[in-house]
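Presented sequentially are two complexes of subunit A, the first with subunit B as partner and the second with subunit C.
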Partner chain A sequence: MKAQPLSPAPGAAAGLLRRLLQRRSGPVRKPRVLALVTWAYIAWSIVPVLIAIQFSFNAGRSVSVWQGFSLTRWYWGDPVNSVWHDPALQHALIQSLKLAGLDMLVATPIGVLLALGLARWRGYGARPANFLMLFPLVTPEIVMGVSLYLVFQYVFTFIHPSTAAQVLGQVTFSISYVVVVVRGRLFSIGRDYEEAAADLGATPWETLRLVLFPLLLPAVLASLMIVFAISIDDFVITQWLSCGAGCDTIPIKIYSATRAAPLPSINALAAIMVYCSLAAVVLAFVCYKLLTRSESSADSTQAAISSVGAFDL
Partner chain B sequence: MYPRWLWRVFALPGVLWLLLLFVVPFYAVVGVAFGRVDPIFQNPIPVWNPFHWNTAQVLETLARFVPGHAYWVVFLRTTEYVALSVVICLFIGYPVAYYISRHARRSKTILLVLLVLPFWVSYLMRMLAWIDLLAPDGYVNRFLMWSHIYPHPPNWLSGNPGSVILALVYGYIPYMILPLLAALDRIDQRLLEASRDLGASPMQTFFRVTLPLSKTGVLGGSVIIALPMFGDYYTPAIISGSPRTSMIGNQIFLYFHGGPQPAVGATLTLVLSLFLGVLMAYYMYSVAKTQRLAQ
Partner chain C sequence: MSGGSISLVDLTKRFGAFTAVDGISLDVEQGEFFSLLGPSGCGKTTTLRLVAGFESPSAGQIRVNGEDMAQTPAHRRPVNTVFQNYALFPFLDVFDNVAFGLRRARVPKDEIRRRVGEALELVQLQTFSKRRPARLSGGQQQRVALARALVLKPAVLLLDEPLGALDAKLRKQLQVELKALQEQVGITFIYVTHDQEEALTMSDRIAVMSNGRVEQVGPPREIYEVPKTVFVADFLGVSNLMAGSIRGYDEHGRYRVEVGGFDLRAARGAHSLIGDVKVTIRPERVRLQADGISGENRVPGTVERWVYLGNAMQLIVKLANGEAIQALIHNTGEDSPFAVGSRVCVHLPEQALRVLPVSASSHSGTTSGTAQVRERASERRPSSVRSGVNETLVARTGPAGE
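Then we have the complex of A and B:
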């Protein structure tokens, strides 16, 4: 039902004008300007990255002037400066993947258990613990970086800046993301299945193992994926706990390269990171869809996207 | 059906981890900030007991935050950059979120995918992209010269505040759009129809119904990007690298890695955290509120 204007029209021309205006402003109009803004934004957010990836295929040594196409030069073709042949770049790639793997292995189990605990633990200590979990999500990374740097220097002096320190730091802020993802899933599955299992005679352990954990599996997968992505993306904490060249990760290499004269091999290195992340996202998305296909609702795709994107913060 | 202790035991490792590696480290910052400095080696000696704290250092640092002193300029500049970037993010992000939540139908899924895509590209990679574009012989300058819009383009990558703000907006805007989108998606469509049926124009409906109802998203999104921006030091370092555009984070970084004065750095970190504590408290309060509503 369209809104009808209350005042009578002063004339036919005005009436026509009003009808035209009304058509333009009716509830079903096509908001062309908004659509344009949206697509322009999307293009602006993605095209620069595509251009940076394009330069990883540059045949010349510039990262800002296109000098022809070379598929392999900066990945492995160049015998000195390519990612494959430059030991520093190769090491950064390995270090990044190593940290991401360790972070996934440590943060995900701790986070899943913490999410279960926080969602269901009633009584003394539950509220402060919930509160504590939110802090790493909102604390600026530099504050966490400085804190961890100082704590390893003055309190836990047996931990030196090293790969181990970097893992400890990354896990500390990864746990909260896992909690957010897993807790969202916990709320959406509810407690009916577990109560049914208990009514049918399952012991608590069987309920956990045969009902709750399988139902949580999609969220666990999404968490693994998210931890991988935030670990590989992390710059601040990794830099503050770095032991020097041996601990450099891809983001740290990009950071130091941009302050000197960068070669396209840095673009290649960054592009490899993008390929890895995208492959991991696609994998996680497909797994999520497969695992939840029996509970498909109208917007299950959007639920999967939001779960993989972890944005119900 | 489960034993009562089970959930507490589940939560234990995570809580312990956060206590040992989040709470204790923060106390280390406090201890160093309120500690003493070795008179010979100039290295800080942290003081853990609050009764023995040395407040001189903190007071001295705070005194430099007054107008006309060393940190005032940096603090003001940081606040300016952050405020400007947040406002620009809002003006770009709101229409995008509004369009996706209200009007996109068949394209909604693909738009959501494209919207989340930047999350999976490293922040540093996205900064690198702008380094390539804004280089003296980069695409941006060549376009400006070719089109005669700006025949003598400035050096974008050295002490240019505009580039730093552009980079901040580019880096953080995805984090702004998602809370906006969530807030706009939650608005009950019937309220908008009611507003239109009662004779409000689309403009009036937007300003008197949609905008007030999306307030949590606007504030939440602004806070969620303002917090990391206040602690940012790598964006100005990469995009500009000049002391003319240095933010409070650069100052902290300098005290730890440039001329090593960790005690001053720790004090600055403490001041920054207290300042941001207000924003954090607001954000956590609103998260807690929406969680209570959701349950």
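Then we have the complex of A and C:
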């Protein structure tokens, strides 16, 4: 704007000049450069995804040349190659949702119990255990994947590469995310409520059921959604423990298809994954907000963002 | 509802190498309003948590109505707690919060409804029963916490700085209400606070704590008027503490004590102290007189600072021996004759001068309780003073539910 010498009207020019001058007055300047860099990064990271999604609506068979808009062709309109009608893609979608569902159901309860134990464990070993809980989060996934593969191959030989093995692998590292989220919530609610419950005569079991569980519910829902999001997204571990074509998930399918001759149906599959992940995160955020609305509002938004954002660790 | 008694016997709590509660022994009688007073870190809250059952003692006994409860889990003890931050369950409304304990005790439904109603009436929150705690003010939340604990008719109610989070005005008001409520329901209260004024105005007896030990136990007036240690004298109100040394007794049996070159007479303090001591006097008992007056217990000095407090004037006077001393003068509306820099005569009345042993009794918990101090002037507190204040507030509501 500054570089434009010919302003449409002198009044506007004066106004612009005044604003530029005003910007320099006052002790606190707006962080314009920071904002610029931030928006540039956001554009850089989102635009490719948006383009990929755009081509899932391509009317033609190209994934690089825009041939017109078709809302449904590659989702279910095309009788042969759409996600809905191509058995391989359909199977990948179902396999992904199946893994995500099982991962949620298994990892979340275990993670919640682990978090309870870790957060309320006072004594020797509590600190290292709490720290080691982060280990799966920082271990390179390829290491985790190959290790699990070798373990199943040579030690626990009764576990064959299969859907079950994939679930086991995903559960192994999703638990950490659940623990981090739930433990954070436990720390933020403190011990007071538990002590109050015990003080009022609640047994430990009643305390867990009547006080801790309602307080943890938002974190539990957030965990469910996070586990869903990371499971849908997982490639490395899922691939290592795959039983072949029958175990292919969306990411695996996209990966192999892109190397061959991709159709926009692959974009549609990818787009579905994005929708699912987004829906999971938004749902988690909304649940957290709704369930913690009775607590002080400023805190709960922060907590919601940080706990929902935890899967991006 | 009738109060229970609590006896702590050599109660000790260690956290690793740190001893938070160092072998304290206390007896709290039935229906008593008993305060644990001390600076932060003195072990008062830990003591309360031990009684509540949130911590296990390292040694010692906690007797409730004579029965040792040291190993009993919190949910089986006949005591209830009002937490500093109230710890009201945010997902339950006021009614359900108050009913929580009754439901755990499997009390029949209609009795729950009746007793919760009575408890809410007691704290004047009948109309708020369907509200969530987040939609109540701090003072209202405090009352709910109180109702939630009182509804269970505990033998002893434990209160952990329950007024700490409220603003000064509301705190004053609730102090009076809380004391009236306690007298009305007759439950034994153990009240933890670091606010000496709060402890003085509400308590039947106070235990002043420091470093995990009890420094002194007694009624408010005794604690304030007859401190047995330097710590107690210093912690309650403002005390002028001057280093001195005993020179013997005069013909009236008063201490002759030398403070910075001046020979003073002190009529208060424990028997048979010798050597180095601390001499203390409350600022409100220091008299300022015109320069030049001489006589017993009179020390010349210069007014160094002059602070306007509203109802009083605080003067800091530098004595000729170099010690600075605080004096409090009531604001009578007349101009004070003592301007900054002017020379004055400081009168330290012998009846207000107290001699204390230099090293506080913090080496052994027992000395503060028993061995020391048969007081010269018998100082009995007229009990009518406090109850007169409360009379007006007591008659507000009916009994909490018998």
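What we mean here is this: the second predicted complex is superposed on the first by the 272 of 313 C-alpha atoms of A that agree within 3 Å, B and C clash if a C-alpha of one lies under 4 Å from a C-alpha of the other, contacts with A are read in each partner's own complex, and residues count from 1 in each chain.
One rule holds in what follows: contacts are C-beta pairs under 8 Å (C-beta built on N, C-alpha and C of every residue); 3 or more make two chains touch, one makes a residue touch a chain.
These figures come from a predicted structure and were not determined experimentally.
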{"item": "Fit or clash between subunit C and subunit B when superposed on subunit A", "value": "fit"}
{"item": "First, second, both or neither for A:164, with subunit B first and subunit C second", "value": "neither"}
{"item": "Touched partner set for A:88, first subunit B, second subunit C, both or neither", "value": "neither"}
{"item": "Subunit B versus subunit C as contact partner of A:195, first or second or both or neither", "value": "both"}
{"item": "Which of subunit B and subunit C A:211 touches, first, second, both or neither", "value": "second"}
{"item": "Touching partner for A:243 - first (subunit B), second (subunit C), both, neither", "value": "neither"}
{"item": "Larger contact residue set on subunit A - subunit B or subunit C", "value": "B"}
{"item": "Smallest separation in angstrom, by C-alpha atoms, between subunit B and subunit C in the superposition", "value": "5"}
{"item": "Set of subunit A residues, in rising order, touched by both subunit B and subunit C", "value": "195, 198, 204"}
{"item": "Subunit A-touching residues of subunit C, taken from the complex the two chains share", "value": "52-54, 73-76, 79-81, 83, 85, 87-91, 100-101, 104-105, 132-134, 148-149, 152"}
{"item": "Subunit B contact footprint on subunit A (complex, rising order)", "value": "1-3, 5-6, 25, 27, 30-31, 34-35, 37-38, 41-42, 44-46, 48-49, 51-52, 55, 62-65, 110-111, 113-114, 116-121, 125, 129, 131-136, 138-144, 146-151, 153-155, 168-169, 171-172, 175, 179, 187, 194-195, 198, 204, 207-208, 229, 232-233, 235-236, 250-251, 254-255, 258-259, 262, 266-267, 270-271, 273-274, 277-278, 281, 301-302, 305-306, 308-309, 311-313"}
{"item": "Residues of subunit A that touch subunit C when the two form their complex", "value": "192-193, 195-204, 206, 210-211, 214-215, 294-296"}
{"item": "Subunit A-facing residues of subunit B, complex", "value": "1-3, 6-15, 17-19, 21-26, 28-29, 31-32, 46, 92, 95-96, 98-100, 103-104, 108-109, 111-133, 135-139, 170, 173-174, 178-179, 182, 193, 196-202, 224, 227-228, 230-234, 237-238, 241, 249, 252-253, 256, 262, 265-266, 269, 272-273, 276, 280, 283-284, 287, 294-295"}
